[in-house]
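Here come two complexes built around subunit A, the first alongside subunit B, the second alongside subunit C.
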Partner chain A sequence: MKTKKRRKGDASFAYALLSPSLLLMTLLIGYPMIYNIVISFQKVPLNPRLGSEFIGLKNYLSVFRDPTFYHSVLITLLFTMTVTILSTVLGLAVAVFLNREFVGKKLVNGIIILSYVVPSVCLIFSWRYMFNSIYGIVNYVVVDLLHITKEVPLWFDRPVSAFVLVTIFCLWRFFPYAYMSFNAILTSIDKTLYEAADLDGASPWESFMAVTFPAIKPTLVTVVSLRTIWVFYIYTEVYLLTKQVDVLGVYLYDMAFATHDFGKAAAISIVLFALIFALVLFIRRKVLVVEDE
Partner chain B sequence: MNKKLVTMLAIACVMSVPVTAKADPVKIQFMHQQVEQERQEVVQTIIDEFQAEYPDIEVEQIPVNEDDYDSKIVALGGSGTLPAIVEYSQDQAKTSVANQFTSLSAVQEVVDAVGVDNYYEGSLEVVKTEDGAGFVGVPLCGWVQGIWVNTAMLEEKGFEVPTTWDDVVAIAEAFYDPDNKMYGISLPTSESAFTEQVFSQFAISNGANIFDADKNVTINTPEMKEAVEFYRTLAGYSMPGSTEVADVKDAFVSQRAPMCMYSTYILNAVREAGFAEKLALALPTKKEPAAYGCITVLGIAEGMSEEETSAAVTFVKYLMDPAHNIEWLNMAPGGVQPVLKAVSDDPAFTELEARTAFKELNDDIAVAVENLQLFGVVDGKNFMEMGDITNTGIISKMMNNVIVQQADVDAELATAQSAVEGLLQ
Partner chain C sequence: MNKKKTLSNIWFYFRVILLCVVLLFPFVIMVSISLKTTAETIGFPPTIIPRSWTLVHFRDIFNPRIFPFLQYFKNSLYIALVVSVVAVFLGVLGGYALSRLRFRGRNAMNEMFFLVYMFSGILLIVPLYKMLVTVGMRNTREAVIACMIVQTLPTAIYMTRSYFDTIPKELEEAGRVDGLSRMGTIFRIIVPLSVSSLVSVFVYAFMIAWNDVLFASIFIDSSELLTIPIGLNSLFNTPDYIWGRMMAASLITSLPVVVMYAFSQKLIRAGQIEGGIKG
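This part shows the complex of A and B:
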């Protein structure tokens, strides 16, 4: 009886201590989320004095009736999967390869993370200059030097080549994040485990699966989850490089923000939230097989 | 005791006299995009001079970066805290009027005080309200866009400055030599507002517009089709692919093309490239000449107290005085142009060192401001939905599809027509 009372008292005390954080979270996360849901059912004017109008499911229906929305969803899923998988694999491969001592390791580390720390807009405009039809180095090599084509290829104007180039750009830009995450965890693995695997006659692949993979799996789950979310909502890199890759971030901007239709923007963002939530859950449960604790 | 009380009351009365006699100045804020330190200093000088003349008004400047400007207007307007005076582009001003952020009566008061006849007609025409009865802001300055011509290059092949569509095509054809990276004209073809702006000049010069006077959508018309096909022909002599602002400017400034479609903001680059004296400005002309341009206006906020509105009106009138207007224009010589006729001939404007190289162009630029025409402005009506049409990129997408993606003109015109009709619904 006494213990039960004490437990109840402890719980109340714990809640009292947590209450400032809970209040802050409710204000900073809960309120905007609820407000977003509310305005997704409204036609919202820019001027607050004019008042919002309840329009039911109209915002959602206009999204679901738009064929370009489904096209954007497919492009985004393909783009997200490609970039997430390739950037994670590349980051992991480089981290494993460089997981040893050698002269100039810090310099190599610095060079690798360069594309991640330089502002996106600088990199994007560098790429655009590289592919410029008059001055671009790529076209100079392809057309003037090697004479592979007679006319300048329209790299960012054709959907397939634009998709491939934006994917390569994002790979180059994002793989250092995976590299840094895996590099940190790889340095903490006890080297004797590899020696033991070696003594047991394990091949490099078996050694990777038996020692490295279990150690990096929690980091892998985090990297894949975060990268999936970030790439799913990508806007700047795609929009500034090409208009031929219709990802959802661009769709959201074109359909809602360009016309200041905040109600529709809220509806799209909720649909996207549901999609990304399902996608991350699917990856964690089915692909990376993470058990709930 | 009574004596003490009376004395204290007397002292209190004496001390309170100066406080009640001198009222606090009316404080207003002025939001603008002149973020560079030297420009802020110019704005502050104008404010200081104004405050010396009107000590009962206090103006605080709020410079905001161009990139954040739209979101700032939306955020401040949305929270009901928009500054008393806001510098807008004509499109931002339309959005603000549509959302009732701007006091149309206060704007009208200033325009009337300045005098409608003292403005270039084109600059007022494009900032009219939808019903044509008022103005979305007080025109302060502007920039215009047309065909910039390198006359030295033209002379080499025996051409003169073009005056018709056919002239433009003939020159472009004569100079087009892509193997040697030479082009006939540089113009935009990307999915961007710039493409729509440039194309609008050709369409309007052929009598085509997005709406008719009754607000019917008129994209799918023979005039518009002719303009689209002409632009496609012209783009065939330009650089390949989707070209944007930097591509167009670079090609002309590096003299890889004798003509380009650009705004007056090209003037400084041309001066630095060393052929300022060989520059001419032409306007696309078929049925009529048409210049595109952007008029910067000052909006006065709705919902302020009478004193604040009056103070804002007084300050905007002060800025529109030719002497102070020139101070504003001289902040960025080359790019921004006057909207007041009196300013164009004023030596304080024309004799500025950075501007003397283009003295010969002043008349051409004035003609362009006079002939300013925009998509969505028809018979004195300025349809506010044009801003949304531009923002959603319907017209530039149509142009890019026709030119770069080689889509069928008729199909694209029909698609754009129904897209705009859908947007209006």
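This part shows the complex of A and C:
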């Protein structure tokens, strides 16, 4: 009697186990997603006691008429592509480079992962100091020791140099993720395959393409897709480092909590969501052709 | 032949060390400044090895009368601990259901968790802010906790599920024969077998909550509730910040997550589980 009942009870037990998680996710993700759409059609007054007013597509029109928005989209696309490609390539390169047994490998792994584990605020303080225009060590080396430029670069206050700075920072912060993912796969590749390629007279590049690449391809798709999404709506690292790189995350945050235009901010987040979705589909279909399993 | 091998080994190690030096450089700066006198930190030309060493900044940050670091630390610890305990607990329940039980909507749920894993964070700040303020959670640590739990939950469930998949079903059946209830098998049999994976779920959630800037900056206004990241950053924007203190505070802030991460990696090494951490 009991065994028969168990099968039937499976489903209700599963729902019971999942119910707290589902309740939380419905309350704090599902409901906000719908509420976000509602807000994006409203004019939200600053005073929370006053009701919001339905204004149709005005928030969206305001977004699409805002030159800052287009600027922000371009910056975000450029930034996302640069950081995703560079951090993936660097992570892969380091993983391939270190893919052998050597003394101190664990220590080196730990050093690589450090910039990924430490809170971003702590890292950013150090960068602010290094790139300080008066007593920073970077300008000391660039200007006073190597005499590359006469003028002292104001790293944080010019759009182009700030962009470069944030890119290098994010590269340093995010490549360990790619490194760890590839490292796990590379160690699982059968070493005799490389020996066979070697016997066939393959160059290092040829053996990479013939042996390594097919093995890492699924990981590559995952790493690139996830990194693209995460960089696309990045906020913290950029915002803490400089006010000169207005990626969409920063644009959205400022619209909500500096300009206090919640309706427009909601509209921006819907557009952002749609852009990310399109981007992911594009990556999956065009850039990295995923084979059917 | 042997000589050639030695040479290539030296060349390899040379490049490894170079890589490490570049990657560690900002940390070296952090340590160096935390040990310098204030005059030296803003002196020119900059030094890497301090001319005069001092531990005064490490003493100062623990003095609540001149630096509110301990208060921030307490707030961050409270938030991160609650988030990670809840994430582990709900992860065990949800992971078990998705790993062991067949039920309608199981695949849909898996997909939903993955979707939430990809899309979250800043996209929902406007509705979340409005909702939680409406229910009176403005300027509370609990608002941050609620948001961080939902942020970490999908990964927590995914990680526990993947690990539970590797545990043989026979072990559970043995427990059931011995008269354990279903909840009993989860907490008496599955959980003790999964300690290493549950520790890494805990560490993952703790790190995400400990690092959070976004939700804390939205919800928390009053200075006595600030977490470390936003607290330190708000001090940074005042004109009288002191570099040595900021760096000392940064190092102390990094310590718990670095130690926890290293510890969880040690535990995992036996039974490697897949996937990295979100960040």
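The rule is short, and it goes like this: the second predicted complex is superposed on the first by the 239 of 293 C-alpha atoms of A that agree within 3 Å, B and C clash if a C-alpha of one lies under 4 Å from a C-alpha of the other, contacts with A are read in each partner's own complex, and residues count from 1 in each chain.
Keep this in mind: contacts are C-beta pairs under 8 Å (C-beta built on N, C-alpha and C of every residue); 3 or more make two chains touch, one makes a residue touch a chain.
No experiment lies behind these values; they were computed from the predicted model shown.
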{"item": "Touched partner set for A:39, first subunit B, second subunit C, both or neither", "value": "second"}
{"item": "Subunit B versus subunit C as contact partner of A:156, first or second or both or neither", "value": "first"}
{"item": "First (subunit B), second (subunit C), both or neither touched by A:172", "value": "second"}
{"item": "First, second, both or neither for A:130, with subunit B first and subunit C second", "value": "second"}
{"item": "Most subunit A residues touched (candidates subunit B, subunit C)", "value": "C"}
{"item": "On subunit A, positions contacted by subunit B and by subunit C", "value": "48, 134-135"}
{"item": "Residue ranges of subunit B in contact with subunit A within the complex", "value": "74, 77-80, 95, 99-101, 178, 181, 190-191, 239-242, 247, 250-251, 256, 303, 388, 391-393, 397, 400, 404-405, 423"}
{"item": "Partner subunit A, residues of subunit C touching it in the complex", "value": "12-13, 15-16, 19-20, 23-24, 26-27, 29-30, 33, 41-46, 48, 90, 93-94, 96-98, 101-104, 106, 109, 112, 116, 118-131, 133-134, 146-147, 149-150, 153, 157, 182, 207, 210-211, 213-214, 218, 228-229, 232-233, 236, 243, 246-247, 250-251, 253-254, 257-258, 261-262, 272, 274, 276-279"}
{"item": "In the complex with subunit B, residue positions of subunit A that touch it", "value": "45-50, 132-135, 151-152, 154-157, 243, 254-255, 258-260"}
{"item": "In the complex, subunit A residues that touch subunit C", "value": "10-11, 13-15, 17-18, 20-21, 24-25, 28-29, 31-33, 35-36, 39, 44, 48, 94, 97-98, 102, 104, 108, 110-123, 125-130, 134-137, 140, 144, 172-174, 177, 180-181, 184, 226, 229-230, 233, 235-236, 239-240, 249, 252-253, 256-257, 262, 265-266, 269, 272-273, 276, 280"}
